[in-house]
Every structure is written in structure tokens, then in C-alpha cells.
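Next, two complexes with chain A in common: one pairs it with chain B, the other with chain C.
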Partner chain A sequence: MTVSVYEEIAFWILGPLSLAGALGMLFSRSAVHSALWLVLTMLSLGVLYMVQDAPFLGIVQIIVYTGAIMMLFLFVLMLAGRESSDSVVEVLRGQRIWASLLGIGLAGLVVAGVARSLGDVTPAGLDNPAANGSGGPGNVANIGQSLFTRYLFPFELTSALLITAAIGAMVLAYTRKQAKGGKNRQREMVNMRFRENTRPGALPGPGVFATADSVATPALLPDGSIAKESLSRIIETTPVTQIEEDEALADRHPDAHALTGAARDGDDGASIVASPASEERSE
Partner chain B sequence: MTTPASLPDIDYAGVAPVLIILGAACIGVLLEAFVPRSQRWAVQVVLSLLAIVVAAIALGAYLYTGPQNTSTFAGSIALDRPALFLWGTLLALGLGSILLIADRVVEPGGAFVAQAGIRPGTMLDKEQANRSSMQTEVFPLALFSLAGMMIFCSANDLLSMFVALEVLSLPLYLMCGLARRRRLLSQEAAVKYFLLGAFASAFFLYGVALLYGYANSVKLADIANAAGGTNRSDALLFLGMGLLLIGLLFKGSVGPFHTWTPDVYQGAPTPMTAFMGACTKVAAFGAILRVLMVAFGSTHWEWQTIMWVVAGISMLLGAILGITQTDVKRMIAYSSVAHAGFLLVGVLALDGSGIRATLFYLISYGFTTIAAFGVVSLVRDGTGESTSLSSWAGLGKRSPLLAGIFTFLLLALAGIPLTSGFVSKFVVFAAGMSAGITPLVVLGLIASTIAAFFYLRVIVLMYFSEPAADGPTVTLPGMYTTAAITLGTLVTLLLGVYPSFMLDWAGTGGFVV
Partner chain C sequence: MTPTYYLVLSGVLFTIGTIGVLVRRNAIVVFMCIELMLNAVNLTLVTFSRINGGLDGQIMAFFVMVVAAAEVVVGLAIITSIFRTRRSASVDDSNLLKY
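On to the complex of A and B.
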């Protein structure tokens, strides 16, 4: 087996890239960036596998690792909150120095050992059926052959692993709904909404006008007054109190065509619709 | 052209015990879905106990009628005498653990939480603490774990061993976090065990990769062959072996890889601690024994010094740190680290007598551990188990029978004559002496003496100090816990008084290559 020029070119491009990805993952502060750096490493590795006669492995690497696992990773990060970060306080003093020293030492040991023992080895190659002792040429045939003959038992045993994982997720996440004290079911929530709430339907959305389209813009009712329910209480920039003040100032009969709740006054242009939006923009 | 794949020969009678346990676990999962909640506990207990008994019968039948020293599934699973002995050990210890898990008298509703999904400390959680139900998924999970352990100690290639390692660990991680009382502690234990276990698995896998690079095979026998016949660099072999052993020693809670042990033993629900302490030890040492003897036996001159050091560190660490503990469960955890060191002495003898000694040690230590944790689960106060050593003061006056049993078990752990602990230490050290590792044996004796100190301290505390006014009470155990404690204590006594039959069983053969 010889290393072709193209293979060498691919290696010298992808090798540094994957290394950069790994280092970037270690040293970037944000967890999302770390995950994206890791994606780079995995993609480069996938392509490297393909270059080395293992297209099946390469594709699996890309589909499973970058496709499924890393995306799941990102979902979890988003659920847990992008900003949440680990505490960087050292509980054990000098732990980080020792950990990095020993880690670098282990890496050096492994690299030196592998380099020394693989220096003068002739690779068997994956395309050669005689060398890997099974099936015909090609990744898929060989892997299939191995899975159902030599490694039949561990292959079947992985199903036990999958069952355990599924039960584990159920046990840890599922709670039975109790009639009393527990979380309400959908039916109970609907009943409650109709019984206790005067508004069974959805709340009005925010206003969308030529002058403003921010979610912080209140919607107007047909008579031109402001629909306060249209403002989300969780958006901090909504100046609800300011609206109330403006409302007190404004004419009780606003002009629906003016698209601003207090346009009649027109004294300082402090239209209550535009003000939250402009405030937001100025931030 | 591809040749059509033909299935490997499968010795169904041989692997029947494993298949029965796995099948019962799957049925248990289905029962969870279809049986009404009120009947699940009873059905699961019956199914689990039945499965273990049937598997034991299948094992016995195979032992009498089946061929000796074969392997099946294209050599993935060894059916040699040590493997079958370990299967029997695991089934017996599994029976004891299931009995402890099934108990609902000591802690009303069982030691496991009614609903793990409810956040600890909330109103709902306080309400469910007194509800008399439990997550019955624990039973199928325990069976899965048990099957994984059985496969782990009979796996003859590293790939099967890795999958079995995961099959045995994953349910354990999960079950550690399901305690009914002190749930945060229990969940912390589960997370710690999971994270460290994942690291150990990664090391194991990296080692497998390097060994495959060295030998072009993951079969243990092929690794031994590749190590024997060539003059190429051994760097890959020993690097791979080192990484592989880190994973294995972690599971056996040996020496410097023991850091998870005290926290997890303390946090996990006590029946689960018993299961981990007894069965995981058996599985891990079964695998260590096989890997060291079959795959690396031919190169033992190169690595045995390092393993001696590991064994020595494990004995001393466990014995010395055990003295400083103030919690019974933590104390037994450190004692298990020390015992792991003693076990390694037997393993490192690397001959037939070493196998015999290790197997005997495993079965006697397992039964003592199960009984000891059974006793620990009985000493309770208002908030659950009272594991602080100071609250055990004067227990001998309050409950002489319980204190007597615990004294006997502690003496067994310390290795006093007429208990199984003495015989097992004796055979292990004898095997070590005959294999020429005298310094390690001397170290072992010193460590045993140090460890005996903290066992005796508990005994003194129980008998010679005044009971505290607001001390814990001893709960009257139900049928299941009584059975488990009785089983463990009787076996400890039996193997101490009349060990020869078990030693004969343990010494009937070596590993198949």
C-alpha cells in the first residue's frame, strides 16, 4: 500500500483542521461554540475515513455524530440555556495545573507509543478481502459479515442496552399525573380555562404597523384603544407603566386611523405605539 | 463476490442461563406496560426470583451434561469452568440482592422511590415519600445488569466484554439514583458514578482500539498469540493493556481508581449498594482474571510489577482511609477497596491455585457484603437509615441479635477464623506465596491488621458504649430481608467452617483459550 498524493493533500488539509477543531472545543468559552468546533473535528474525521477506503464509516460518522449526536447536543444546550456556564472556581487548589500537566503527559505517552510502534508497519488496507479475512470487497459487505458471524452475540446484546436506555429515560422523566396536587392534564387545563377565565380564546398578538413591528408594540382595538393583553408580560422592554401614563394623558377617544393611541394630542410626538419600539431600537 | 454469511454455532444449552435472565428482563419490561400498577410489584418479584432459579437449574443441568471448556457464538462467550462458577456465584448473589430490593416492610413501600420523575424536595415529593409504591422498573433493570455481569466475566473477546460492561453499568447508574430517602444525595451518587464510569469506559475502549491495532483481533487468545511470536515493538500492547485495565480496575473499585466507591455506596439505596458491592465485584474480577491470564499471561514478566504496586496501593488506601470514616456505608466501601487489593493478590498469582483462591474469595465476600448491607438497612431513625457510626453506639444492648449478626459479619470481613473471610484470605495469600509474591502478601497481612482495627472499633462501639437517648431503632425486617441476611450469614459461616467443597468446585478447571 502506498499513500497517494491526493491522500496526502487531503490529510494535510483535514488533519490540521480536525486538530484546530479539537483545540477550539477545549478553549472556547461558550458551550455552543465548543459544540460547533467539535462538529468541525467530526466532519474532518469523517472525510479522512472516506479518503482511507472507508466510505461507509465516513458517512456513518457524519450522519450519526454530526447529524444526530451533535444536533442533540445543541438542542440540550439551548434547553439548558445558552448562557449557563460552569463555575470556574477551583475546588481543589492547583487541580487545573496538575490536570493539564498529567493530561499532556498522557497525550505525549500515547502519541509517542503509537508513533513508535506504527512507524514500520505495512497497512493491510480495507479493500483487500484476503487481508481482513471475511466476505468480499467493500465496507458494507465486510461489516455485515462480521456483525452476523463473528460478533453476533455483542451485536444482539446491544438491544439490551437500548431497552435499558429507553426505560431509564422513562423512569427519570415521566411522572404520573395525579388528580390532586399533580400537574394538570390537558382536559383539566381546558376546563379550568373555561370555568375561571373570561377569555377562553387566545390572547391578541402584538400590533404590526407601518411605524413599528416590534413585539413590544401593543395592538389596537377597533375603537383605537390599546389592547393591553397583547403585550407579553415577560418582555422586559414593554413599558406597560408608560402606556398607562400615556393613556391617562391621551384623549379618551383616539383616532383609529392614526395608528397611534394618543395621536390627537400630538404635542411632543410621544406616541405610545412608537415609543416602545424606538426605545428598543435605541438600546 | 460475497460469500453468504453462515451463522456461527450456538450452544444454546450453555448460554441458557444468560438468555433466561435476559428474556425475563424483557418480559419484565412488557409487564410494566400491561399489568395494573397495584399488582406490578408482586408480579415482578415472582418473575425475577423465578428467572434466577430457572437459570440456576439450567446452569446446573449444563454443568452435569454439557461438554467441558468450550466456547460458543464464534468464540465470543467462553463456557469454561471459571465462567460457569462465576455464573453460579452471580446468580446466587443476585438472588440475595433481589430479595433485598423486594423488601417493602423495612421501609414502607421499599427502598426505591415511588416516582423518580418528581423533583426532590417539592410538595409532591413529600407526599410521595409516604406512598407505599415503588418504581418496579428496578426489577427488570437489575436482571439486565445481572445478565450483563454474567456475560462480562465469560466474554472471550474485548468487543463482547465492552458491550457487556455497558449492559451491566447502565442499569446500575440508573438504579443508584432511585433512593426513596435522601434523594439529592442519591442522585448525586448516580451522576458521579455515571460520569466516572463513562470515563472508565472510554479508557477501556481506547485500550481495545490499541490492542486491535497490535494484534489485528480483539479476541483474547489472538492477543496472547500476537504478543508471543513477534519481535516488533510492544508499545501498543502495553499502552492498550494499561488503558484496558484502567476500565476494569475502575469497575472493581481497585486502588487508585476507587474514587467513586465511597460516595456511590453511601448515596445509593442500600439494596443497590449490596448488589453493586457483591455482584459488580464478582463480574469485574472475573473479567480481570480472564484478561490477565488469557490475553496477557504470556507477557506477565513485563507488567506484573506495576500490578503488584496497584494491589499494594489498593490494600493500604482502603485500610487506612477506612479508619477515618464515620459512616457505616462509607466504611464498608473503603473496606471493599482493601478487599479488592487482597483479591488482586490472588489474581496476580496467575496460576490454577490463583483462580481457585480468587473465585472462592469472590463468593464468600459477596455473601458477607449482602448480609452486611441487609443489616445496615435495618438500623433506622425518623429520617431513614441511620448510617452514622455514632448512632450505632450501644446497639448490642438494644438489639442483641442484630448486633451479634453484624459482629459476625464484621469479623468475616476482618478475616477471623471460623468465618469465610479467614479461609478466603488464607487461600489468596497462600496462592500469592506459592507464586512468589511474598512482599505483597506481607503487605496484605499488614493491611488486614490495619483494617481489622476499624471493624473491631464498630464492635466495641456496639457493645461497650452507652446507647444514645435519641438513637436509632432497629426495624423488624420483613420476610425478604430476613431471608437475604440469613442466606448471607449462613453461607459466611458454612464457608468458614467447611470450605473444602466450595474450594473443590472453584478449582475444577482453567480458562478456555
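On to the complex of A and C.
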């Protein structure tokens, strides 16, 4: 008997929990369920680390693995493969059975080997000062001291690794849509709008509240004529074609002198505002 | 009970991860199984650290975690870009290099 009763209790609770999580991940059809089962396994393992005199690793396990990595998995699942559950079709015949048999065989070999070689080992433990190094008591302080003295070079190498990984992820996630020419920027959109010689600004709003409260009411220009752009062609009741026909019949253009009151030659005062269509609509 | 129990648990978890890599078809789930294998190895390292009475195993597990984090970032980016072009996250559909 080399471990305390509390540790034994913790192991017999958390060990089956982590096994259940692993099996749930293996057998659940939905990938999201797999991820959540794996979170259970990782949390159990984190507590098992803490039980085994590794509180720093336990906390890092919970923060990094379940907090960061598994959430990244879930994000990617929501982006990519949520609906793509596993196909039941076996591409290689009998692959599942063979994989299961070989897996069970591997488990048997590993477990038997470990049990035979280390069956009744007595752990040296990490309580003695010789094991902890010169960092004094405490797991975190000792790990920190080892990291920055004996393992300084590998520790610095991990920074290069992390930077490479970040740049690699950016390169891989870069889409053509963000590349030049894939999607118009604002400057290109402005140039295009003015070059096409169409109306660069916004369309005029409808004449709601001018004479009626219907959005199908056309807006009136200063000279009293109808601003055709203010009529939405989406609204079915908008008689845009009717207005166009009326204008064609009247064969008149907006009166530029309507506001100053100066009469045009041959102007009888009737404006195309008084077209039957707009009268009807304002009722 | 001795710390060997942890090693047995770790071996079983590693095996489950291996079976998952062989059996599952969704690339993201295969990736999760790899993560499970890494976790099992971490448990082994922590246990060996305790058995040997030194912190080297724990530091090794720490480095494994760092490598796993970098690996997850790059791997998920690869899976995302594959999904973007092929509209599928299944490992069976990426067969351009098959023959």
C-alpha cells in the first residue's frame, strides 16, 4: 500500500470517468458529442494530475486542453463538420472488426507489460527535497526553475514552434476572398460606382407623409414632377409602368422654372404630377 | 493500489485513441483521438515522474502540451481549408493522392 486512501478514492472515481469519456468519444455518432465526451476525459485527467503531485500540470491541463484546445475543436466543428456525421459505409471490408481486435490486443500487451514490469513499484514520490530540486517547496516554483535553467533551450524552442504554428494557421486559413482582387474594397467600389455613370448616391425615399402614408407614394421633385427612382419596383402595387406611360403620353419633361414661377413657353400649367395614377394612390 | 494503476489506465486510454484513429471517418474526430493519445502519454509521464521522484517527467508533459497546442492549431487550419475546398470533413473524401 503506497498511496493514501484519498488518492485511491479519487482514482476509482476519476479513472472510470475518464474511461467512460474516451469510450463515449469513440462510440458517439455526432462529432460534437465526441468533443464533449473528450472534455470529460480531459477534466478527469487534469484532476488525476493534481492528485499525483502535479498541481501545475493539472491546472494547465484544464486551462489549455479543455479551455483552449477543446473549445477550438468545437469552433471548427461548428464551422466545418457538424452535420457530417460518420458514414456507416466501410471502405475497407472488415476494417472495424480488425481495428477493434488489434486495439484490444495492443491494450492487452501494454497493460500486461506494464503490470509485469512495474507491478509493485514503490514510488519515490515528490515530497522529498532531493526530488524537487533547489527551488524550495512547491511544485510550480520547482518546475519554473527547471524550465529556465536545465530546460531553457527547449523552452525557447517552443516559442519558435508556437510562432510557426500561428503563422501556419494564418497561411492555411487565408482565403482567396480576402486576397487582392477576390473581393472589392471600399475604394474600388466607389470607383466602380462612379465609372459606371449611374447614380452614385442613395436613391430618394418614397413620398410617405407628403400626401399619403403609403410607401407606394412617389416622392415629388422641387418642380412638382415625380421622382421615379423613389418608387420601389419590388412593391407590386407601385404603378411605375403606369407613370412611365403617363409621362410618355404627356411628352413632357420636368419644368425647370416651376419654383421661380416663370412660365415656360407653351406651358399650360398642368404638370405631370397630376397624373391619374398618383392621384389614385394618394387616396 | 500502486501508481501502476495509472499506467494501466493510460494504456487503455491510448488504445482507445488508437482504435478511434483507425475506425472513425470524420477528420476532426480522428484528431480528437490523437489528442486522447497525447493525454494518455501525459498521464504516463506524470506517473513516471512521481515514481522516479523527479520533475523531469512533468516538464516533459508540459512540453507535450505545448506541442499539442501548436499541432491542434495547424491541424484544424488544415482541416478547415480542406473542408472549404471539398465541402467535406471525411477522411475518405481526400483521396487525390490515393494512387
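Following the convention adopted for this analysis, the second predicted complex is superposed on the first by the 170 of 283 C-alpha atoms of A that agree within 3 Å, B and C clash if a C-alpha of one lies under 4 Å from a C-alpha of the other, contacts with A are read in each partner's own complex, and residues count from 1 in each chain.
Everything that follows uses one rule, which is that a contact is a pair of C-beta atoms (placed from the backbone, for glycine too) under 8 Å apart; a residue touches a chain by one contact, two chains touch by 3 or more.
Computed from a predicted structure; not experimentally measured.
When the two complexes are overlaid, the chain among chain B and chain C that reaches more residues of chain A is C. When the two structures are aligned on the shared chain, A:173 is found in touch with chain B and with chain C.
Of the two partner chains placed by the overlay, neither chain B nor chain C lies in contact with A:202.
Applying the stated contact rule after C-alpha superposition, one finds that A:19 touches chain C and leaves chain B untouched.
In the overlay built on the shared chain, the residue A:110 is in contact with chain B and with chain C.
Contacts of A:149 after superposition on the shared chain: chain B is touched, whereas chain C is not.
Legend: residue contacts after superposition of the two complexes on their common chain; A:141 is shown touching chain B, with no touch to chain C. In the superposition on chain A, contact is made by A:160 with chain B only, not with chain C.
With both structures placed on the common chain, the touch criterion links A:118 to chain B and to chain C.
110, 114, 118, 121, 124, 151, 154, 158, 161, 164-165, 168, 172-173, 175 are the residues of chain A that lie in the contact sets of both chain B and chain C, per the superposition on chain A.
Listed in rising order, the residues of chain C touching chain A in the complex are 1-9, 11-20, 22-29, 31-33, 35-36, 39, 42-43, 46-47, 49-56, 58-59, 61-63, 65-74, 76-81, 83-84, 88-90, 92. Listing the residues of chain A that touch chain C in their complex gives 1-3, 7-8, 11, 15, 18-19, 22-23, 25-26, 31, 34-35, 38, 41-42, 45, 48-49, 52-54, 56-57, 60-61, 64-65, 68-69, 72-73, 76-77, 79-81, 84-87, 91, 95-96, 99-100, 102-104, 106-107, 110-111, 114-115, 118-126, 128, 130-133, 139, 142-143, 146-147, 151, 154, 158, 161-162, 164-166, 168-169, 172-173, 175. Chain A makes touch with chain B in their complex at residues 109-110, 112-114, 116-118, 121, 124, 135-136, 141, 144-145, 148-154, 157-158, 160-161, 163-165, 167-168, 170-176, 178, 181-182. Contact residues of chain B toward chain A in the complex are 1-3, 5-8, 22, 25-26, 29, 32, 73-74, 76-77, 115-118, 123-124, 127, 135, 137, 140-141, 144, 147-148, 151, 159-160, 162-164, 166-167, 170-171, 174, 177-178, 210, 213-214, 216, 232-236, 238-239.
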